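Next come two complexes, and both contain chain A; in the first it sits with chain B, in the second with chain C.
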Partner chain A sequence: MTQLTQTPDKGGTDTADRPRGQGSSTSGRMLPLLIKILALAVVDALAVYAVLVLIGAKAWVVAGVVVVVTAIVNWIYFSRRALPAKYLAPGVIFLCLFQVFVLVYTGYVAFTNYGTGHNGNKDQAISALSAAALQRVPDSPTFPVSVVTRSEELGLLVTAPGGDALLGTSESALEPVEATFEAGKAVATPGWQTLQFAQILDRTDEVAQLSVPFSDDPNEGALRTPDGSNGYLYISTLHYDEVADTLTDESTGKVYRDTGEGAFTADDGEQLMPGWQVTVGLDNFARAVTDARLAQPLLYVTAWTFGFALLSVATTFALGLFLAIVFNHPAMRGRKLYRALLIIPYAVPSFLSALVWAGMMNESFGFLNQVVFGGAMIPWLSDPWMAKLSVLLVNLWLGFPYMFLVCTGALQAIPDELTEAGTVDGASGWSIFRFIKLPLVLVSVAPLLIASFAFNFNNFNIVYMLTGGGPRDPSAPIPVGHTDLLISMVYKVAFTGQVRDYGLASAYSIIIFVVVAIISVIAFRRTKSLEELN
Partner chain B sequence: MTVRSTRRFTAVTALLTAIVLGGTACSSGTDATAGGEGTGETAATSTSLTVWVDAERLDAVQSVVDTYTEQTGVGVELVGKNVDDIKDDFIQQVPTGEGPDITMGAHDWLGELATNGVVAPIELGDTSGNYLDVAVEASTYDGATYMLPYAVENLAMLRNAELVADAPSDYDDMIAKGKDAGLDSPFVVEQGSEGDPYHLYPFQTAFGAPVFGTDETGYNSDDLQLGAPGGEKFADWLGEQGEEGNLNTDIDGDIAKQAFLDGDAAFWLTGPWNVGAAQDAGIDVAIDTIPSPTGEAASPFAGVKGFFVSSQSENQVAANDFLVNFLGSEEAQLALFESGNILPALSAAAETASSDPVIEGFAAVGEEAVPMPAIPEMGAVFQYWGIAEAEIINGSDPSETWQKLVSDVEGAIG
Partner chain C sequence: MSASTLDREDGPDIPTERKRSAGAWFTDTGWRHLVGLVAVAFALFPVVFVISSSLNPNGTLTGSNRLFSAIGIDSYARILGGSQTPFLTWFGNTMLIAALTAVLTVFLGALAAYAFSRMRFTGRRFGLIAIIVVQMFPQLLGVVAIFLLLSTIGDWFPEIGLNSRIGLILVYLGGALGANTYLMYGFFNTLPPSLDEAARLDGASHVRIFFRIILPLVTPILAVVALLSFITTLNEYVVASVILIDSEKQTLAVGLTQLVSNPRYADWSAFSAGTVIAALPVVALFLYLQKYIVGGLASGAVK
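Up next, the complex of A and B:
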């Protein structure tokens, strides 16, 4: 932020003590100090606001983190010793926020059963199960009700189908009372105050929970009012026992227990949904590699993923390098125009161009077959091998401008003297390229090739937009296609259909990350040997 | 999320103000409550409902909810959401307490929402008889009603009345009438390389092969009907249609639309969402029932749109009152109808809306419609269903492919 605090300046207080001649330079230091104080004030104000909000949301841990981080930031910028920290702090904070947190959270999810049916916590699951188990008594009438209160206790004033007024609370069953009627509905009874709609809303939790037994026989059900004006008779089939932590289905007598799997489970293995999130250890990783339905497609998808990434890098690099050499030749006229034209595919968003290509490659109606190939029925996207070729072609179209740019830069950085020296020694053009230019280009481009490999390894966009992974492999037990990469297969397994499995998807993405990381590390080691060449 | 934090912001601001102003703030608060008691039903209340709606319907719903706020004093804050994001955002945000009180949605989300425990049952009470049967059926999952239905939509056959003057009597008649009009491919339906079982379903039901059987609580996932004898007959028929070129997996939604708009096809099996485009293109559109290939009724899936209450909503009473007693009224349903131009779910409103011939046409087809199963197992079915149909259309052995479809689905449901 500012280095001002490094000087032994005590701010504005000692300005008066200094000789007049230095007045201007002191005010020159005053301004940055003021800016610094203002900036920190803004940061602190935001932190105070965040802490208040977080305390309101009862997020104690996050609130604690905010307090500690703010304290450290204040200390760093007011201290006179922590010079390196002044430069590091913003970067480290943003790194933690945007990178470390995401990684740690993905890792955490990989060890949980987070997904469809395991979406919230246990309390939410219990309340959702209990709410769903409330069944309206068959053929029971609708009871017009008024919510009444007496010294904080809530009751329901009910108009029976015969026109009598009944009153009951959660403790006592319905009993006849005298009441005032309005349009056939009992609206008030002596000794009780009738709640207006606005007052009902202010006590919405109590009203929603209010359950008035219809009679002393629990099998006759209890009266509840979901909207404050109509009451219905409900019987609950599930009973939650807080002490034993079990749910009992009272119609069948089946007992469901918390067996640590994140759902209430009966002895015969039947689970009640929704369940809740629990950590499941390495289960997701084990499933990712051992699930019989996934194992068979996993092999050839992995093979194609490596093939696609390698071929994509190789083809785009070859074409990019070739064009770079051509357009770098001094004899070539209009080089700048061509170069500008070549960048166009690079400038079009890949989402868009992949979709446009998908349309052009339609077998019966596509531009390619209809116009370019004169009505031929070339199965660009519907034949397994043609689809693979199409993906590579479109990716080549999208990818070569980048390689072209990179190679042009690398070629121009090679001093002309080297080429001249080669010519003087009598080397042919090919030899000069093979033994001088290519190794030099590779030294500077190799890291980019590795990055490009890693990118294409996870090139979800092109597969998803162009072929959707298709054509589908009809023999595979999961919906996987011949052009699916690992990443798009994971997407299909975890996120399509109505059953989501975020835990499994996270485990997969960690596995993919590890694969890419290992390959990158090995490849970077080998590029070092390239540098030693020179 | 933004909405909630705004609300929190208000709460925090109020808290700070209260601290600063001390006793003054307290006494003014008491005054407000006292005043509220006097004015009865429309008394001011701090209750406010947050409702997620499809961004395209935001304006229409806004005009409807303003009336509710006038009647009850309950504020309704609408948040326009991209329709593709609503379901996933709702499932993820409700458990964290950040979600809305109510969300707009479609009935086929129901199984997923209920399995995740993010929706609360609602009680339609005696009003349930006021809705179209298909709407109430679709709003029910595992014996409990979770959705307040407001619109029903289904496929129907759009006919270019300039090319073919009369409605066809059955499927073969449709093709013959189109050929007589000089068209190479009289009939288009949206498919695509992975097939489209939703659009082929009417023909499948005509062969007597629904996906799942039903019991008293709705669709029963243990009773897979795909493998019924009718299924294979349907598969054979699909193969024939593929051979004759009446069905083509290269035809996706855009190509089908273009063929109909250009007059290259006289019949287009599609939903009400495409009628506007055809009328804008100057085509005299007639809405026919779906011509059956067998003589049995060809029943399309009905999709029902409605509103769900969040299971974590702190305003259950207001949310239920707003949905059942207000959005279930004829005025509200008609107002919503005018925005979307699809059939209202409330019978009385549906009748009023049917004065429009297009709506009437879709409503007539809708009488034969069956709700799309909302059970989560449908996800597994859809994974294999379309691809198997696409393969049959493209010439693989019908009965073999169909049997594989049945066994794949059985395997996936487990």
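Up next, the complex of A and C:
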């Protein structure tokens, strides 16, 4: 049944039936095949390249995944079976990587202390700590050095006391290399470009920061060059004892141990930063709900998120339905024009509208206070309750056109006979609306109201661009404000402020996901949308 | 619910009364116009304000308050000149990212919708439900994981890692199978299966049926989904702000937000000019495609 894998003679009988189309039919057969082979060739070439890079980076697991996925893709498109898979595979691959994997990974991060100060692994933390505590060794020998570079990375070409050339970078310790010598000093090595004096001056700061580990043992210290031509040995005041797994500050004698919290901790509780990433179990979740300073913001942000989503749906639907009823009158002229004008807030990209409104609501300079309210100093965005009201007002402006369109459609789908029957029975206009039209409209727009609730539940843009979540709550240890929704709180915890706490942010994400999933399941149960799938 | 019923203006069967008092006219339709005018004023005054301040040659926020007090195109020249901001680059980035995402989303979504609508296979029902459930976790929530994922990918392949526009598009395509696929799936189901059966009897392959028969028939829903995806991407801030680091790689949403992060000190009229330039194409497209959008939304409502 798949034409792409048909044998040539079968194609021949096919075209014999329709003599007119022989030429076009043959090309119609060859072209898709060519495209398919070309596309798969590109995919396979990219996969081979990716696997080579990944093997070079020793990322075995990822390389394995790439191999397996590529094999499956090739099988799907060369097989005669698996027809649905041919259509589903591209979307599913993206879905798996950027939705499913992201979901699982968020779950994993929620169980770690990942964040500022806990970015890498323990070895990286030890070398970073050692490097930060480097001090020049008095009376150490002077090493002649040349600063070399390769694709933006700086390295030191060192002439050892015995006359050998050694090369190292901040990432890799000194190792012997081939080099050209001038007056007993190594000045160039293949694959690296030697910096000239002027270039060293240009990059003084980078050169001064460069410290090349003497060997793989961090306790042996590092070479640094203050001037770009002479290197000196620096040794860390922190000594790492591999057997005892402790760091000792040799200037004070203080001992720091790995206590399982992802940082070297002294007996008095002092922690050395950076630490490293460890799994902390349910700590983040526990912290979010039991630490009073975090639990309180979580509570009022959750309450406001629900309030905002519900009120947004209610206000936009009420105004939209009201306008739809007002304009749903056959004898009214200019309805098309009204509709085109009322649709405009919906058509303007919402991030732009929110920014414009933020300007108009500025307390001292904004259009609303200065012109509309004649110089009043209404704290639109700086008072906790006014800010909430402003967010709702702007969201009403953004959202009512959509509800207006939807309700107009739903109203016009109600047969006129129903209204007529009601009128004949002597019902007032209000009763007809209340008992006939509203229930019918609600039935048809209910799924959209649920979708609108879900959208507003995570309506990041309006809050972030209008109030920035503010006014800020000064008592909370995280940058949270009175109009923050759960989603903007996650963003701020993860990406703004001095301390980025990926672990806590991910824990919040998981909490939100569970809440949204439960609400959606209940909502879908009620509307029976899931049951309609056949 | 089709768009045509919405456009039904004064039908021929409506009795029009020529002689009636002003009072009767008001209770019948006059007050409707009054409500309409108030609603239009509410809908348009921010738009009027932003157009006015964009025409103000050197406006701060305060200076923009007297509507149309000064007319000039200096602020347009300022924002387009790029002396303070790479506005044109942001604009180009946004259009390119949003357009590519829209086209690819529609393509991937249509492929999947075709399979779900026309083929019966094991796991089909599970697949449909799985898509809904996974979509309940919006990418917004996974932004930490997306950041860490792209930063890891960037260590091996800088072209698609952090700070890469291609990487951002790939992330957006993770949502290609989602609510949009549902919209298309529903529309595909309305085409009679006898169409493709007839074509199959004539010897057409599934590829040919998809590209030559199905796709042309579902163009309206493809246009709606493409437009909705375009606008969603245009508005997307969170993921873009986390992935795109360099100023010249950013999108309008990220760039303009930083530009007026403190409206008091920002060049407000240049920002307004930027807003007008950025919003115009979208509003024009929207009004032009109004019928389809209304139809698409309404069909979602009434189904």
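Just so we're on the same page, the second predicted complex is superposed on the first by the 358 of 534 C-alpha atoms of A that agree within 3 Å, B and C clash if a C-alpha of one lies under 4 Å from a C-alpha of the other, contacts with A are read in each partner's own complex, and residues count from 1 in each chain.
We take it that contacts are C-beta pairs under 8 Å (C-beta built on N, C-alpha and C of every residue); 3 or more make two chains touch, one makes a residue touch a chain.
Just so you know, these numbers come straight off a predicted model, no measurement behind them.
S.K.: Looking at A:A57, would you say it contacts chain B, chain C, both, or neither? Reply first, second, both or neither.
M.R.: Touch status of A:A57: both partners.
S.K.: Classify the contacts of A:P474 with the two partner chains as first (chain B alone), second (chain C alone), both, or neither.
M.R.: A:P474 contacts chain B only, not chain C.
S.K.: Touching A:L341 in the superposition: chain B (first), chain C (second), both, neither?
M.R.: Touch partner of A:L341: chain C, not chain B.
S.K.: Name the contact category of A:S382: first (chain B only), second (chain C only), both, or neither.
M.R.: After superposing on A, A:S382 lies in contact with chain B but is clear of chain C.
S.K.: Report for A:W75: first if it touches chain B alone, second if chain C alone, otherwise both or neither.
M.R.: neither
S.K.: What is the contact status of A:A125 with respect to chain B (first) and chain C (second): first, second, both, or neither?
M.R.: Touch status of A:A125: first partner only.
S.K.: Quick check on the superposed pair: does A:I487 touch chain B, chain C, both, or neither? Answer first, second, both or neither.
M.R.: second
S.K.: With both structures superposed, pick whichever of chain B and chain C touches the larger number of chain A residues.
M.R.: C
S.K.: Once the shared chain is lined up, is A:A198 touching chain B (first), chain C (second), both, or neither of them?
M.R.: first
S.K.: May I ask you to decide whether A:V499 touches chain B, chain C, both, or neither, giving the answer as first, second, both or neither?
M.R.: So A:V499 only meets chain B here.
S.K.: Which chain A residues contact chain B in one complex and chain C in the other?
M.R.: 53, 57, 362, 364-365
S.K.: Could you please specify the touching residues of chain C with respect to chain A in the complex?
M.R.: Interface residues on chain C, with respect to chain A: 1, 5-11, 14, 16, 28-29, 32-33, 35-36, 39-40, 42-44, 46-47, 49-50, 60-62, 64-67, 108-109, 111-112, 114-115, 119, 121, 124-125, 127-129, 131-149, 155-157, 170-171, 173-177, 179, 181, 200, 203-208, 210, 231, 234-235, 237-238, 241-242, 252-253, 256-257, 260, 263-264, 268, 271-272, 275, 278-279, 282-283, 286-287, 290, 293-294, 297-298, 300-302.
S.K.: Please give the residue numbers of chain A that touch chain B in the complex, ascending.
M.R.: 49, 52-53, 56-57, 116-117, 119-121, 124-125, 127-129, 131-132, 134-136, 142, 196-202, 204-205, 207-208, 225-230, 232, 273-274, 293, 362-365, 381-382, 468, 470-472, 474, 477-479, 496-499
S.K.: Which part of chain B faces chain A closely enough to touch in the complex?
M.R.: These residues of chain B touch chain A: 5, 8-9, 11-12, 15-16, 36-37, 40-41, 43-47, 72-74, 91-92, 94-95, 97, 111-112, 114-118, 120-123, 125-126, 142-144, 193-194, 248, 250-252, 255, 311-312, 314-318, 320-321, 324-325, 376, 378-380, 382-384, 387-388, 391, 394, 396, 401, 404, 408, 411-412.
S.K.: Could you list, by residue number, the parts of chain A that touch chain C in their complex?
M.R.: By the definition above, chain A touches chain C via 1-4, 14, 17, 28, 32, 50, 53-54, 57, 59, 62, 83-84, 86-88, 90-92, 94-95, 97-103, 105-106, 109, 114, 323, 326-327, 329-336, 338, 340-353, 355-360, 362, 364-367, 370-371, 397, 401-402, 405-406, 408-410, 412-413, 444-445, 447-448, 451, 454, 458, 460-461, 464-465, 487, 490-491, 494-495, 502, 505-506, 509, 512-513, 516-517, 520, 524, 530, 533-534.
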